[in-house]
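One chain, subunit A, links the two complexes that follow: it is found with subunit B in the first and with subunit C in the second.
This part shows the complex of A and B:
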């Protein structure tokens, strides 16, 4: 623990020393009552405890207590989670968790009572992963509320929640939730092992853990899904994934995942299977187009203008004739502008952000074309590809897509279409090699698992989703039992 | 034989993609000319005959490999002892490397001829070889994945190959079978270059789950190749007149020019771009095979040996500077390939049959 240089060298050896050390903080209270026969002492952090509980449940009991021993007091106090402790490091740890320490006689022994104050905001609708249909229930920053939300959705004894504390300073509580039997043991062991090995000082958010748990931290592709939607979390747990909930974070992490799941909006499951499949395919095309649109513009206009039919070429040339830059500079200029707008919009308060969008989009766009800095065809391409990149349902994937086009533009300028293809091969190889908790990233496409395709690029009706994904390798392979088929209705057409 | 680890093996049906992707390379862009030089309008028959011969080779290879889970490197050592076996293995390695060099250099020749006339050879060579290293560092499963996508992604180009049919005269194919057996045999020998590549099976065999059940998929791989080649050949014969075909070096590419899309004029550019995906599995597979030999015979880790191979291939590719040399390289490979297939494979087939009988008797 290099973080506390001083603290590490001067470890308090007695309770008195510890109290003296902690007294340097204003919120630390060590209250001593020295009235004749009723001498006791309370030690706590005022900022962490619930004063009402202290006054209502603890103080009267201590006042009325005849006995002088901690054991007796432990029996009378109407609160759960009481322990008698004399180990100094543990006492300090508990104090910092919001316990109050009660001392009746001089000495190391204290009674620790948990009356920590839990404040969290109310539940609110998910803001990042918005959906038109489906439940509007998002996680909050409080771990207990989140656990409650999940447990209520899966009221099943096999839903396990394993707790582990990470962060040497922040002592963040992390809960790994999964359904036993559905999730494979191997995946759970892997994640628990990685969480145990995790060594860091302060864990501010679940995304810290996400980045440290990933198989390949050099990759730009997310290997876990960050989500605030409770339906998504429970849905993935039902597939066989686990969810990592973190104290103080309104995002859960889902893993293992495959690439296809990053392109799935959970709303797809609320729409009819045919409509949902259509939207999934649209989304995939949009993402591909978003990545390659501007690199293709650079490649074709720099090297392969013969590719266009003469009519289309004439339109292109007339729109570019006044522009003094090469296509690559033009494209970089506009792409960076879009990212600037996005970045500014993300940092601004919502209302200012809207204005910014109008100013940026309309004013800069039109002005740039009128000043003949860019061609209007490119403006259309860039706007469309920006729009397409925001169709991804997972926020981190959006960033990946926005990022990927820059090296691709570079390759397009360097080797034209061949450069684009070679970079495509590189990304392909990278994705074949990538794993999420040891599971292949491109599954079910490669390695080909055709049985998993019912819910991948498209989604079949629920009746046909009997088998669970092979991807997660759980023990329970089916989701429901076959029942006798009943005719929903019969027409004269069906009769013999 | 090293311990078999289940997570390093691949599904048996992927052998179809491996074999098919290692057979189809740059050759398909220009092979009709060479075959038609011998057999004229009967060239498509030659394609089918060669296809059937290669099905027989697949059968032979499976017979050779069917005892246990060995690759050809182990078998060479088993049959001929360590020293002579190593000579065989090193010859195999050189053959594979020659394959890499031919396909890479020929494809870059295509790029230089059609898209970037002034492109220095070393740039695409270096990029391809670096990518190859990245693939090989992911193990055989990654190589197989590249083969899988290398077949799937460009598969749609098959439909564009039918575009010239609108302008074709199929009476060009008549009369059928008016060439002598000798001409057909010469055409078959010429056709062998386009079909070589199934030799990778000799090395990939131990990496298959249930290798024996994979045979049907290997046959399917060759069948797919035969179908595609036959289609390309028939379209070329019908689209070009005989004299015209002899003057077109890259006849398939030229035929692509007639593909009409509302926003694309010269379709062959898109074809060549997608051909990057076709060529890459060839390079990966042959380099992988060569590095396996290095690992097992020279006992150098694949990790390091692949650097030596990459340097070697890089220098060799850069040293080939013009069209004539590329042509010479292709002819050389064609001759060596012919010997490998028509002499070496029947030889190991007979040898292993005899060996099996002799050892069983003892």
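This part shows the complex of A and C:
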């Protein structure tokens, strides 16, 4: 950061010095018109402004303007948000945001007009959090578009969006969106304060902020949800959470969350409650199985062969009888192979990735068994647990699950099932201690919030979701008013 | 952080404390047979299975002599170590061994946390060693085969429940005595021959298959397999899915005890050699069955009383039904205990045609 500090220390004292300094960049323009009656100067970054607007709205007005004062010009220009500024630091800041500075006479005073060029890609369907049902609208990298998407989904006056700039170099705009009254003030204050205290040079993506705002940055568990789905953002805001939108990032951060919400796909809300509950439970079993399947294999094969039914023993022993490694080496070998495939697949273009999957999955898998490097039972287990780990709806959680398995395999090798239990206790203790913006991470389970269970491991129908989660401690506790039930309309087949 | 580090370190220090038993490296035993050896030694025979990649099972028998059951392990020097008994399924004792008492050897298994509680204990007419060594063409080796044989006799056949845990319970418990199945090796197969009766841990008598069935019906509520009943007119009827519901009633347990056993039986007739299975015939079959169970049951109890053993756990039933029960007095009175059995048979269905 030395270069930056030196640059900062040599602050230009006049506008001319500043222009001279900035001119070292090729995209900086300082255009002076020295025609007798109409002399003016335009200062701007060509790479930041919209030239069409400059030519269409600004230049003709300046040329036709009779007056020589900036105030008059300010009155005529058909653009909003024009200001007259003489403070050098502010002028520089505005120029870097895409304003054009208009100078009519020598001196420090300039007219700043915002004609910044905003380019963003088109809206597209979310790629990471794909869903079959539900809206297919994902965030883009442009903050204004994202705010527009959210505001359109919650056209309510109490939807608040607070802006704050973070990053000393990147000057990234960050917007905290929440619904006043629904979100707890305490949570909003916490996040605003943490954002204000955030001191870093370049914020490349929202995940930077996510990692810096977390309560415990040593934890492997995500304490905020990264999402690109607008329905998920607004849905969580309606629970009482806030969303952090970051300029230049197509992911929003949602907090506070609890662990259960990491296992919820937003599609659950679009399916019937009974079916959604079933899938949630399946997902939870899958995640648990994904973490403990291979460690159990190691523990049982190394220490507790008694646990196998006698009839399975023959299959298992004969499949392992040619393998020269102990179970733990065997498991590590296959697990690392799967993670290699995953890493390689993530770095490759889609089409190459598919080939890679086939080569890796089928060729390596079969060859490994035929070469007696692994048993085919383990191959099934590893493939199943890899498959199960991808059922998590939040991408960061998938990584956590894949990561947790390795220390657990180590524990299983050292102490067998006791090791597995011990590691389970470590994780449980850690999760009980963990907080997300000061809210307990294992919330509806511990501390028990039984009233919140209606939408946790299962989901009850919407009629029963009258109360908002206690977890968020919002002021507005109900989602709808109880109305008198309409008398059931009797249909002909109901008649007695 | 300090705690986490020290805990992790602790775990690594513990690694030497647990013995690895990698599944394909340890010899896994399913069956042990005990015979009497020379000079008061015990002769143990095991059958070891090896599994090859084609999933074919090969068995080999080993035998050794020592003074204790665990001592046999040292003598089995031709076997890779550690010998693991976690999947032990059947313990066999020769008849003369069982008559001398088997609790010394069972104790070794009862103490060992690696051994299961569902091990079957059996008595072999003849030599246990020979039964194990005989290479019958069984799919999974003799151990799992015998385990299945006994297990299925209990579940679908006419054998009362038995395993090492129940043996232990009935051995140590007052007012009850254990039973175990009796096996015999014949030329091409192993057969269940009946039930061995024990006084404490010493075998004192036998029940044959027919008696074993009656025993199972009266012992406690039970659902049995198939039974062939001889009728007074020389015809035969087959009863299936016989379910018994048993109630023991002991009166005046401390002063002048008497026992009434009520047995309610439900069964289906699946085969009948006579001409037509009429309603009258069905009641006749029921009555014949009633009489048979009652007569044989009374005989059996009288036999137990003369032997001074209590496989029906009558003493335990008396204890549970009498306040301040006195076992000493009970033991004195048990041989003369008056017993009545009420049997009621209900014939359910007799097939889909009538």
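Everything below uses one rule, namely that the second predicted complex is superposed on the first by the 483 of 496 C-alpha atoms of A that agree within 3 Å, B and C clash if a C-alpha of one lies under 4 Å from a C-alpha of the other, contacts with A are read in each partner's own complex, and residues count from 1 in each chain.
Keep this in mind: a residue touches a chain if its C-beta (ideal position, glycine included) is under 8 Å from a C-beta of that chain, and two chains touch if they have at least 3 such contacts.
Values in this document were obtained by computation on a predicted structure and should not be read as measured data.
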Q. Here subunit A is shared; do subunit B and subunit C fit on it together or clash?
A. clash
(Q) Per the contact definition in the header, classify A:303: touching subunit B only (first), subunit C only (second), both, or neither. (A) both
Q.
With both complexes overlaid on chain A, does A:422 touch subunit B (first), subunit C (second), both or neither?
A. both
Q: Report for A:433: first if it touches subunit B alone, second if subunit C alone, otherwise both or neither.
A: first
Q) Regarding the shared-chain residue A:312, is it in contact with subunit B (first), subunit C (second), both, or neither? A) first
Q. Looking at the overlay, does A:322 come into contact with subunit B only (first), subunit C only (second), both, or neither?
A. second
**Q.** Contacts of A:462 with subunit B and subunit C, given as first, second, both or neither
**A.** neither
Q: Identify the partner contact of A:130: answer first if only subunit B is touched, second if only subunit C is, both if each is, neither if none is.
A: neither
Q.
Once chain A of both complexes is superposed, is A:31 in touch with subunit B (first), subunit C (second), both, or neither?
A. neither
Q) Given 6-14, 24-32, 186-194 or 240-248, which one is the stretch of subunit B whose C-alpha atoms run into subunit C? A) 240-248
Q) For subunit A, which residues lie in the overlap of the subunit B contacts and the subunit C contacts? A) 303-304, 306, 308, 310, 415-416, 418, 422, 426
(Q) Which residues of subunit A touch subunit C once you look at their complex with the stated criterion? (A) 300-306, 308, 310-311, 313-323, 326-327, 411, 414-416, 418-419, 422, 426
Q: Show which residues of subunit A lie in contact with subunit B when the two form their complex.
A: 303-304, 306-310, 312, 415-418, 420-422, 424-426, 428-430, 432-433, 442, 446-448
Q) Taking the complex as given, what residues does subunit B use to touch subunit A? A) 10-11, 13-14, 111, 115-116, 119, 123-124, 127-128, 131, 134-135, 138, 141-142, 145-146, 148-149, 262-266, 269-270, 272-274, 276-277, 280
Q. Where on subunit C does subunit A make contact in their complex?
A. 7, 11-12, 14-15, 18, 20-24, 26, 28, 30, 51-55, 57, 84, 86-87, 89, 114, 116, 140, 144, 147
